[in-house]
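One structure is given here, and the rest of the page talks about it.
Just so it is clear, A, B, C and D label the chains in written order, and each chain counts residues from 1 on its own.
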Amino acid sequence: MDLLVGQLFTGLSTGSILLLAALGLSLTFGQMGVINMAHGEFIMAGCYTAYVTQQVVGDAGVSLLIALPVGFLVGGAMGLVLEWLLVRHLYQRPLDTLLVTFGVGLVLQQVARDVFGAPAVNVTVPEFLRGGVDLLGTAVPKTRLFILALAVVAVTVVALVLRFTAAGRRIRAVVGNRDLAETAGISSRAVDAGTFFIGSGLAGVAGVALTLIGSTSPTTGQSYLVDAFLVVVAGGMGRIKGAVVAAVALGTFQAVFETYSTASLAKVGVFVVIVVFLQLRPQGLFTLRTRSLA
Amino acid sequence: MPQRFTFHPRDLTRSLAATAAVTALALTSACGSRAGEETAAAESCVDTSGDTVKVGALNSLSGTMSISETTVRDAIYLAVDEINAAGGVQGKQIEIVAEDGASEPTVFAEKAEKLIREDCVAAVFGGWTSASRKAMLPVFEDNDSLLYYPVQYEGLEASENIFYTGATTNQQIIPALDYLAETGVKSLYLVGSDYVFPRTANAIINAYAADKGIEIVGEDYAQLGSVEFSTIVNQVSASGADAVFNTLNGDSNVAFFREYANVGLTAEQMPVMSVSIAEEEVGGIGIENIEGQLAAWNYYQTIESPANTTFVDAFKAEYGADRVTSDPMEAAYNSVYLWAATAEKAGSFDVADIQASADGVSFESPEGTVVIDGENHHVTKTARIGEIRADGLLYTVWESAGAIEPDPFLEGYEWAADLQVSE
Amino acid sequence: MSRFFATRAGVWSGFGAAALVLFGAAPLLLSGFRLGLLAQFLCYAIVAVGIGLAWGRGGMLTLGQGVFFGMGAYLMAMHMKMADAEFRNGHGAVPDFMELAGIRELPAYWVPFASPVFTIAMILVLPTGFAVLLGFAVFKRRVKGAYFAILSQALAGAFAILLIGQQSMGGFNGLSRFRYFFGYNLDDAVNQQMLYFIAAGVLLVVVAVALQLRRSRYGELLVAVRDAEERVRFLGYDAANIKVVAYAAAALFAAVAGAIFVPVVGIISPASIGIVPSIMFILGVAIGGRASLVGPVVGALAVAWAQTALSEQFPSAWTYAQGLLFIVVIALLPGGIASVAALTKRFQAKSATVEAAA
Amino acid sequence: MTTALTCTNIHVDFDGFKAVNGVDLTLDRGEVHFLIGPNGAGKTTLVDAVTGLAKYSGSVVKDGVELRGKKVHHIARRGIGRTFQTATVFEQLTVAQNLDIAAGAGRSPWSLLRRRTVLPDNVVAVLEQIGLAGQAQTPAGILAHGQKQWLEIGMLLVGDADVLLLDEPIAGMGHEERDTTGRLLHEIAETRAVAVVEHDMDFMRAFASRVTVLHAGAVLASGSVDEVSNDPRVQEVYLGASHEQEAIDAATA
């Protein structure tokens, strides 16, 4: 019984981690069709932001609160540079974007290795997040609750921004119909750059948060990237709602499957489920219908 | 009237046939010896006529394993520099040819072959993962050359062409179990990464536990590099085991210990015995998450002996005061000295002479005296249980009575009869 | 130049020159070790030809060729381990690595691989069949572009993880320590050269097959599907079938390359077939020129050579170089080296006309 | 004059938006049948439905065979060809290769895997018919805009389509080209049914055998050019005949 409650929470928690990692992708890949393989390295940049902030500030709690917005800016700034230097020249060639950003990811990993060294560095968990709280007889780590809450906040903010702000309406307009948006006087250049900034910034935030539970090393981002892409693929292009449902579903599936089998087989199982699922709904859970022939 | 195209050839059936014919011809003219026939052994090209002798250092300088393997390389260089400063081996200066194994077994195999056949080195030092050793083994056997392998491993291997200077299972796993049994542990939870070492180690632990009446309450494997330990820690926590035996590798340890501490498990309640966490790894995990936990090795930086003081001082002088020394580094350092001592004893760098003279060669190493076993090419080692303390270093809390003879096939343990394999 | 190579005489002389270099010059000039290395690189080149077909001509960016490469390699490795065990300990003996893993009974699915004929048949059929099934599953549902790329990449990851978990397939360590290749001693230098010849011969055959596929009506159709899939569908073709053929051919090439790779290198492990090795296959193809025939071969050889030559001196610099190559070549030179040749030719032609006019 | 295609009570629903709402349409061989109507009237969606791209309810029957539920390429193989608003040809391939591919949907795998030695007779004939015989070896990508449209029509002809659904075939053409295209359409229609989605009213007047006006997903009127332009409901939709051109400009913007 304890284990069951624990596992259900684990599913939710794994889902929230996936969601945090995938939310930025859902914007850049989903809304813009850009496959940013360096997204994982932006997450890693967030991790190291948390590390550096902690080295400077000292107190783990204060530095976490500072690192979250700073991580957003660091990730966002890297995203802007990437968009401006490379991605904007490749909007017509999505597959090439994938390979180019993979190259960027390789370079960033090596930069991290040369700057911070190859071994993992330690980001101390603040006192108020240590230990667990009792939930129906199971100890649930506070760090995971924090990440769950952060994921909820991030999704809510992104959804509100998209729905209610002028910038968000512009983004949705460009996604819906780029040409029409242009004729309506929306600069799709600025919108693209802005979307990339937000998406990459979210990766930075995810990185800061993930230092609470995982390691901070040059290869950290890699461990989240493929799963995050699968979330976006299963969730459907351009749909935050889809990403949320897919992340929680995949997280729960993984956690439950792992209880009755091994972690390795659970990973393989996730892949099989996604391929089968795409047979049923090739465009993902939720789709935007357009009349274009692409 | 149909219009003719300007394309010329019809199709390539004929060129295909021709290619196949050329290949077949080349093949029939090129067949060598078949199974069962003797193959002429590859001629060794080692040249020691000058005043230097070449050795290879083969470690991963790039890729995931570079974290660990670069430290081993530093130790190898330190030993070589010391030996050279003291006059070299048989009066010859040692010259290192360095190669990058790139964390990939195929690259290890390729580079080992290059070191032997192109660079003509007398011996190679390096390798870390069992996968890399398994990849290199046939290369060293086929070319009849020598590898000195410095990392603790899962045992069940003894090649004429490899010297194993790290611990085999009866010098690390079994003493760790003895220690746990002595401290009254009655039930164990096994957590490991999904590869050969943890699986073999856990097979041994299961056999040991069956014999000694210890209950194994769980056995879980995480994918290598996995950082999601919620499920496993939940299960560990729910199991109520007396202790955890941890054979996780690399970044997984970071995530595991964080999760472990976060659900409120402590070293007092449920100690974790780790066999892959050394001084280098503690920093990344965060001392607050792992303080008080146990490790099983043969060497710690904190060992108090003249030989170790010399080693640690020399290492810090060379590579910086903030650097730490660890078990695999020490074993690599020893391996160079053991090779040099064997060559001195044999009066030759020839592989056959080294193999013949190896038995009984000893070295006053930082961990104590180590002696080569000529039979299985492993070395005697003292087992030590270490506790991780607040300064991030490991301190000996228990050590075996004297050096333990290497027994890679566990022939001296009756309860391990089912694990033994025919070599 | 390229005109010439489009003629029959050109094709013949191209193949002739390649055969001369591979079968004549290389064995004479290279040491046994270097020749073995070249054989390994040729295996990568065989994979590259298939990627050139699927990606360059068919527009399917397959980031999971490691799966098919690995299938071919593991199937061959299974046979070689079986043959080895049989030779040492008689029929039905358990291969050495299984003993180490505590497996005392030969798993049933290993048994048929004692037969060389069965093994070769499986190498040709199994990966290709899997590619056909998977291809139908995704292409019929019109999963394409980035979706396909990411799925194929996830497939490579899942396959590697699956293998790591299988102790009866060697787990993380993979399969190694082979002694015989269809009865021939692998430590004999003559037999090592024979393996090189096989690799070289297979590469020429694969290039010839790819050439035929490109120049046939099918090849034109494939380009048509790449550039305007819907148009092809509205002309009455099932575009999925067309794509599946190229995808399966690429899978077959990769599987054959894997099967040769194992005796040449002496080990196959999950580290050689996962996500990163799979994407590295792409690098050579991109550099050489994805849409050209010989470009992927040249690119794959160049990248493998550069990796070997540079990584030992500058391990950190090589990683930067890899990353920068991806960025620079794909962003600025999507046609690869092959397009440089075409560009200079056009430039020369232009200056020639200018001169003629003057 | 025989009926080639009969559409009955076609409905297309995009997430609640009724793009086509109960359309009946008959295409006869020997006619150039124009489909007109303001933007969003459902013209292209109707073509999408008939060719299998959009899901619909209702019935489309060609030569006695129900097409609903068949896959795109099966419908195409039954002789229904379409073009797109922007001419879609294989730009990397030559004109002759484009036509050869279009002619070969029924080829056996074996002949596909071999090289083409001579051009099929029907390809040669169509090259003449669409006026591109001189450009047979030109890559389609560098053809003029109008030539691409002709090539796309030619691709349907060599594929033996006898129902041609053409989406704005004269978009971007000059006067002379329009007339050539119009004559070509009539030549084609001698043995086939041709439907043209078009905004250009002059072109429609000059070449339509029959006109169907769609509005808000339904048929507003159908008949000869005169009948339709005298229909008051049609005039209302187009804001009166005198303002016709402005209305069209607005509609095409």
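In this section, a residue touches a chain if its C-beta (ideal position, glycine included) is under 8 Å from a C-beta of that chain, and two chains touch if they have at least 3 such contacts.
Keep in mind the model is a prediction, meaning the values are calculated, not measured.
**Student:** Tally the contacting C-beta pairs at the A-C interface and at the B-C interface, and name the larger one.
**Tutor:** Of A-C and B-C, it is B-C that has more C-beta pairs in contact.
**Student:** In terms of CA centroid distance, which chain is the most far removed from subunit B?
**Tutor:** With centres defined by C-alpha atoms, farthest from subunit B sits D.
**Student:** Report, in whole Å, the distance between the mean C-alpha point of subunit C and the mean C-alpha point of subunit D.
**Tutor:** Each chain reduced to its C-alpha mean, subunit C and subunit D end up 44 Å apart.
**Student:** I'd like the Å distance between the centres of subunit B and subunit C, where a centre is the mean of that chain's Cα atoms.
**Tutor:** Once rounded, the distance between the two centres reads 32 Å.
**Student:** If you look at subunit B, which of its residues touch at least two other chains?
**Tutor:** Answer for subunit B, listing residues that touch two or more other chains: 7, 9, 11, 66, 194, 221, 223.
**Student:** Find every residue in subunit C that makes contact with two or more other chains and list them.
**Tutor:** 161, 164-165, 212, 215-216, 230, 316, 319 - these are the residues of subunit C that touch more than one other chain.
**Student:** In subunit A, what residues contact two or more other chains?
**Tutor:** In subunit A, residues 113, 262, 264, 267, 293 touch at least two other chains, as defined above.
**Student:** Mind pulling up the subunit B residues that touch subunit A in the complex?
**Tutor:** 64, 66-67, 70, 194, 220-223, 225-228, 230-232, 234-235, 237-238, 251, 254-255, 258-259, 261-264, 280-281, 283-289
**Student:** What residues on subunit C touch subunit A, complex-wise?
**Tutor:** Residue list for subunit C touching subunit A: 59, 61, 134, 137-138, 141-143, 145-147, 149-151, 153-155, 157-158, 161-162, 164-165, 230, 275, 279, 282, 286, 316, 319-320, 322-327, 330-331, 334.
**Student:** Taking the touch rule as given, give the residues of subunit B at its contact with subunit C in the complex, in rising order.
**Tutor:** Against subunit C, the touching part of subunit B is residues 7-9, 11-12, 15-16, 18-20, 22-23, 26-27, 30-37, 39-40, 42, 61-62, 66, 98-100, 102-106, 109-111, 113-114, 117-118, 130-131, 134-135, 137-139, 142, 154, 156-157, 194-196, 199-200, 203, 221, 223-224, 418-419, 421-422.
**Student:** Which of the residues in subunit C end up touching subunit D in this complex?
**Tutor:** So the residues of subunit C touching subunit D come out as 212-213, 215-218, 220-221, 223-224, 227-228, 230-239.
**Student:** Subunit C touches which residues of subunit D in the complex?
**Tutor:** 51, 71-73, 76-77, 81-82, 84, 88-93, 97-98, 100-102, 104-107, 111-116, 155, 159
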